[in-house]
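Both complexes shown next keep subunit A, but they swap its partner, so subunit B is in the first and subunit C is in the second.
This part shows the complex of A and B:
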């Protein structure tokens, strides 16, 4: 358990570079292998020879697959996305969370990635709120209420990292159901359960609870840490969530981050309607006021609610006094790309590349690095179907995952003006 | 889909077919072409039943000038219903494709208990009493009496059926038992007699093994079947035991006492008849004198039990003179019962051959072999004459007559064993006289002789070369097929050592060793902590299970296990076990997780499926050898060695391993399922044991998994469960085709076929 404690301290102080920072407590010999685990990616071919590893193309292929699956969903039907999410993360801290099959322990790994997830979540869903629930000794505790501040959640979770006793899915669902039932109907109710245990010890009939969750339109997703459990699968199927089981730490990270972008909204789940929001002004630097969230006098910073003039420290949030949703315009803008994702780039086929009549750009439009000569490897470059500019693989990933704007299209829009502004 | 196998067009009701189903059909077709018998092993969950049904029906369709009848034998009523449901689907598909030409009549036949629609009869609790109360309403003399006196109760369904006479037929179609009942209710006809009547005309008959194998029943149900029939024994891995049981009789003290009571009752009846209706007895005597075997001229309903499948010459002989008179026959029986009582009064275990036994009956009781042989027929005739309808009360004397006839008929392949007490409880006197059959081929021989093709199929028939020797026949095809899987969804492991590296085994000298008990306990405990939902454990015997669970309880392991999962135990009581199973399923459903302790060769091991989350892991503790000190087993082994040259060790290992395979096979019931199997005994790592497992298990048993200790097994289990929880592609991705569409089948070369065969 020493490792867990060390990890926790590190997590608090060096929250930003979580990947490197939290490895600090491993022994030197462990550290070299801990992140890489390079032996696991070794593969044999049919004759038993080791295959040369080409992680980069592998990684890129994976990414392309993901992008394609996402876009195929989006194109087949004009999918509405639920941008205002109310998500509860349920962390299982029963006895099973102390198991050491993840290093240093399941609970430490979970905590580490939950922290990263919380940040990612608020980054991608600025209009949403999140709360934390833990299960311990067969009882579910509410760690933090729904809120929009990543710091407070992370702090609360790190302070409570110890595990014991049984796990009870029903208690957790009941508790979360109680909270989520109160959120306004335009919000998407979601539960993400990180489940270490292999069983659930319930006080009553869990199947009833699942039906109750289904009725109140809670989308429950489960990420298991060890094996597939029937009841979890059943829960996810019934409520429309996704169920996955992590193979190892990196897989777990991938799985949990899949929940960060907003899920497609099912029409009956949330009825589109107008929501009243306030866009508070940032208070002047020198003004002194008592903020309504901490009940403390603060100098500078903070925002003033446009309706009741109360002072709040952070955005987005709900005004404590008048209950208005407070938000800033950059937040809204950041949610925008979910609704209009950029189309996936096409791979440039080798026939086009080998055609000598085609004069192809020599360098990537994004980073201006020269694109390698085609050779006989399939595609090392991709092209945007709209602006026909070519990009290298790194830029491809960067554009789709972080930038959410195509540099080609954007620059053409500036050049040719009004035609491209059809969006 | 529709495709061609050589000259037969096969209609298959699904759009895709597994490659092994295709291979199975090809082999089956060759066997039908050769008009021979075959043995086919294919794992459960690969659609054996539908492959069989669609090939055989299609075979008939493409050869309209010599239609074959399909006789499909199942072990349980549940399986019967499942088979008929599949056939219904197939039939619907075939009629939409080729119209009325595909019309067939398929009926399921079961006992009165499952088919009767008369509420008064159904009120009886067990099968025998349902039969008896049916007879009480439908026997010819009852009906004759009722015709004179309308106050006597009769069965209205049967009366209606009789009234309809030859018009009472089923229109073509597929009838499950439920359909039959519904049809019977609608028309007001008795479904049982209707089905029995239609069996002769149906294209497909589905019924239980007993109707073909048990000579007592087979004589009258199955005698009308044409030679051009294909007989299928499904789930036939225990067929030799079924054959043996059909010809074995055991007599206890209660049986003899009951028989005495029956005899007294019969004597009173005879006295009564003598006083009132002496002519009847006279008529019977005359009939017997004339040597007319009474069979055939009797009304249908009275034919309640026919004589065993005796050699034909017996049927032609006349009943010997000394038992033609009713009183004389009763005297003979009385002497026989007395003699048997005397034999039971022994303090030692005695073993005798039939010849010696008959000789000693002759000297002590003065009954010769021929008389014994006719006991069964004579009793039958007498009971008809005496108009006895409470057949369930006369079971004891029937047992005695069964015994007498069998002893008198067969001189080889049997032995008579008298045990004064149960070996395991020597202080309780419980004398039992057993006539045990050692030769499975005796009961099944008429089936092989009479029918054109007999198909024996199951998920576990390995080693496949032993069955022809046990049943004494020559298959034209014997093959074992593996399962084509999109992923490695079964994970068999052989665990030889505990976590302390000491070997584990249920060998007699080791089984009570504390270390072994502890190691088994730790194994289960550790597994319970990494395996989700249900775990099934099989032990070698009830007594071993009791012992080990007891000591786990004492040293606290059981309590620790209970922290992870609830524990349920199979008992010898059926009701209790059913309840335990129900709750086990409930615990798996609601996520609590559960462990079921069960016994190899028990009811659970044979008939209950632990598919999906009901069984993610099955642990076989030990090798389930039979109780080798049992006198009957020893006698059978000796017989097998002398007659079929099968070594004792070979047979015992074969028998143990097929039980083990049967147990672990419970967890996989379909391809989408996954499960682990742990063989926890060091003896499994030996080649002679391991190689007798079925091919589909062996092919997944990797060399690295042959000699594991608990901690290694734990690690493998963790990895396996994680891998299996990942989403997968059902159709099978790169290279391994596991679902074939019509085009695939058409261009399928023999290359793929050979791959499938093991």
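This part shows the complex of A and C:
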């Protein structure tokens, strides 16, 4: 399968037609058919009538494949994830970023999705830090230092959206390498390069730079916006990152958001360590104090560093005075679901469904939606392997993507107790 | 879903998911008898339905060994109001509740044969997860839907083994902007529910006078989300966000976090007891000191 894994709904059932390449010289009326392939979204039902295809089951099948591959990865390489990440996003603002093949321009599309990515990143990795670097006129600039506040990054990026000149991969890598070398050894060093150009204009030997990055255990990933480039692929292979090329805007969004959850960690990349952290208490609503981050007097709602008693406005952060990392317990809890993932649900086999002796639950355990008995069609229900409760497909997706709890396992004590003792 | 025409959905139509604590361990020690409590809650539920004709109520029982849906106003034998069938709510709900409590008790008996009863907490994580699944279904039903919120009427104490699951539910509720209100009728404050309400923007209230429970419920929790912006609802008095260490279960101000699995320890260990990674020396002090040195010339 190519990069666009299942982007065309029926890619797996039918070989791509060979007139694909000649799409450019089709007439407009032909193109609507060639692009949409409307005949493929029809299917025949039992009585031979044409019906619109059930997109929901297809979508669900795709999702299940993804979750299965994720869980198989997790079991083979033990569940260790780089939860404390230091990520630099390199945005290519060379001349190529002004191209209009993405609407309105590559640059605008990149900026829009980087903003969404930054928010998602901090939602999923509350203990991590992120910085922004831009490439312009063959020189790499640091837009923001590593930091934990999404707003400041987004603001800085939106203020600097203009492009010119060549792109330089080596300059960007050198700059980021310099910064990432200073981060503590327990952190996972990552670079995500959003590359618009098709060339790189470097002052020296880029292969040396790549080796340098490899040595300091930086995981470099690239998302290209135009075409595959050898040097980017080489960089990703050497440093253990992932390389992908976006086909259109929605694909780009998908690719960039794949970098939001913590990647499986390679044990020797980061040294396990105990990090000293403080859990500050929220001050009373009416108290007045000068905060150390903005240096302004503020009424209420601050946090007090337990070591030096300085006031900070928001968590997580690093105390400006004594350098202690300050967090609250929900920040830690936000990451726990990466460590204790729930098992994928099993599809209920048709033999169980057709067995008349088996009394099946008539509704989804989670949302109470009635579960139809579908006859010979693929089943519309899944079951948790632990608690054996049945769920509808929508709940299945919600449970695995957002909730990270199985309602069935959570609502029966006798199932919970053995798990609780294991942990 | 209610059959009302969708254009009727205004700002003030609510879907209220009520999580009722039916834990016998708590109710046998409570000063307020369960029957009295039920009459308060039933009047409250009726008043929600009276506030707006298309308001919707779902009741989930949080038991000691299981959780289940016991009432859904969209499924009940509507339209009952003009037939004078309003008490249908009570009889239907009470019957299901009774079934549920008997089943829960049986589960408890099975359980106690194999294991001695260790915890007396309710399965709040289960009922929260179910409520969120139900709310997602309402979100899926179309662009126009009632505004959902969750109300936990909880009495029993927190079960520490549910911590991760409850936090997961809280974050999921926060992401889909569903406030979790909590009315805690136990003796001490519940740290879980305080955090849940604080993070999701709900109201946490611990009634002082349990005899006036209906008044608390109707004045604090009956208002829809849109009207809340105009009201002075009880503010949180301060939520304790300090963590407790995994080794002694002490609440700590400062501690050590394993960089691999984020376990919390109150003092420096050589090896992580949760994930087994071996630690080098505490570098964080050194690192932060060097950070400081780097930062000082800049400022």
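We take it that the second predicted complex is superposed on the first by the 358 of 423 C-alpha atoms of A that agree within 3 Å, B and C clash if a C-alpha of one lies under 4 Å from a C-alpha of the other, contacts with A are read in each partner's own complex, and residues count from 1 in each chain.
Methods note: contacts are C-beta pairs under 8 Å (C-beta built on N, C-alpha and C of every residue); 3 or more make two chains touch, one makes a residue touch a chain.
Remember, predicted model here, so these are calculated numbers, not experimental data.
S.K.: Counting only touches as set out at the top, which of subunit B and subunit C does A:336 meet: first, second, both, neither?
M.R.: second
S.K.: Return first, second, both or neither, reflecting whether A:278 touches subunit B, subunit C, both chains, or no partner chain.
M.R.: A:278 contacts subunit C only, not subunit B.
S.K.: Applying the document's definition of touch, where does A:186 land relative to subunit B and subunit C: first, second, both, or neither?
M.R.: Second partner only.
S.K.: May I ask you to decide whether A:207 touches subunit B, subunit C, both, or neither, giving the answer as first, second, both or neither?
M.R.: After superposing on A, A:207 lies in contact with subunit B but is clear of subunit C.
S.K.: Who wins on subunit A residues touched, subunit B or subunit C?
M.R.: When the residues of subunit A touched by each partner are counted, C comes out ahead.
S.K.: If we overlay the two complexes on their shared chain A, which of subunit B and subunit C does A:231 touch? Say first, second, both or neither.
M.R.: Only subunit B; A:231 stays clear of subunit C.
S.K.: Spell out the part of subunit C that touches subunit A in their complex, as residue ranges.
M.R.: On the subunit C side, the touching residues are 64-69, 72, 107, 110-111, 114-115, 118, 123, 125-127, 129-130, 132-134, 136-137, 140, 161-165, 167-172, 175-176, 195, 199, 235, 238-243, 252-262, 264-265, 268-269, 272, 275, 277-280, 282-285, 287-292, 294.
S.K.: Which subunit A residues qualify as touching subunit B in the complex?
M.R.: Residues in contact with subunit B: 96, 101, 169, 198-202, 205-207, 224, 226-232, 244-247.
S.K.: Spell out the residues on subunit A that touch subunit C in their complex, using ranges where they run on.
M.R.: Per the stated touch rule, the residues are 80, 83-84, 123, 127, 182, 184-187, 265, 270-282, 284-285, 306-307, 318, 322-325, 328-330, 332-337, 339-340, 364-369, 394-395, 398-399, 402-407, 410-414, 416-417, 420.
S.K.: In their complex, what parts of subunit B are in touch with subunit A?
M.R.: The contact residues of subunit B facing subunit A are 529-533, 564-565, 588-593, 612-613, 616, 718, 721-727.
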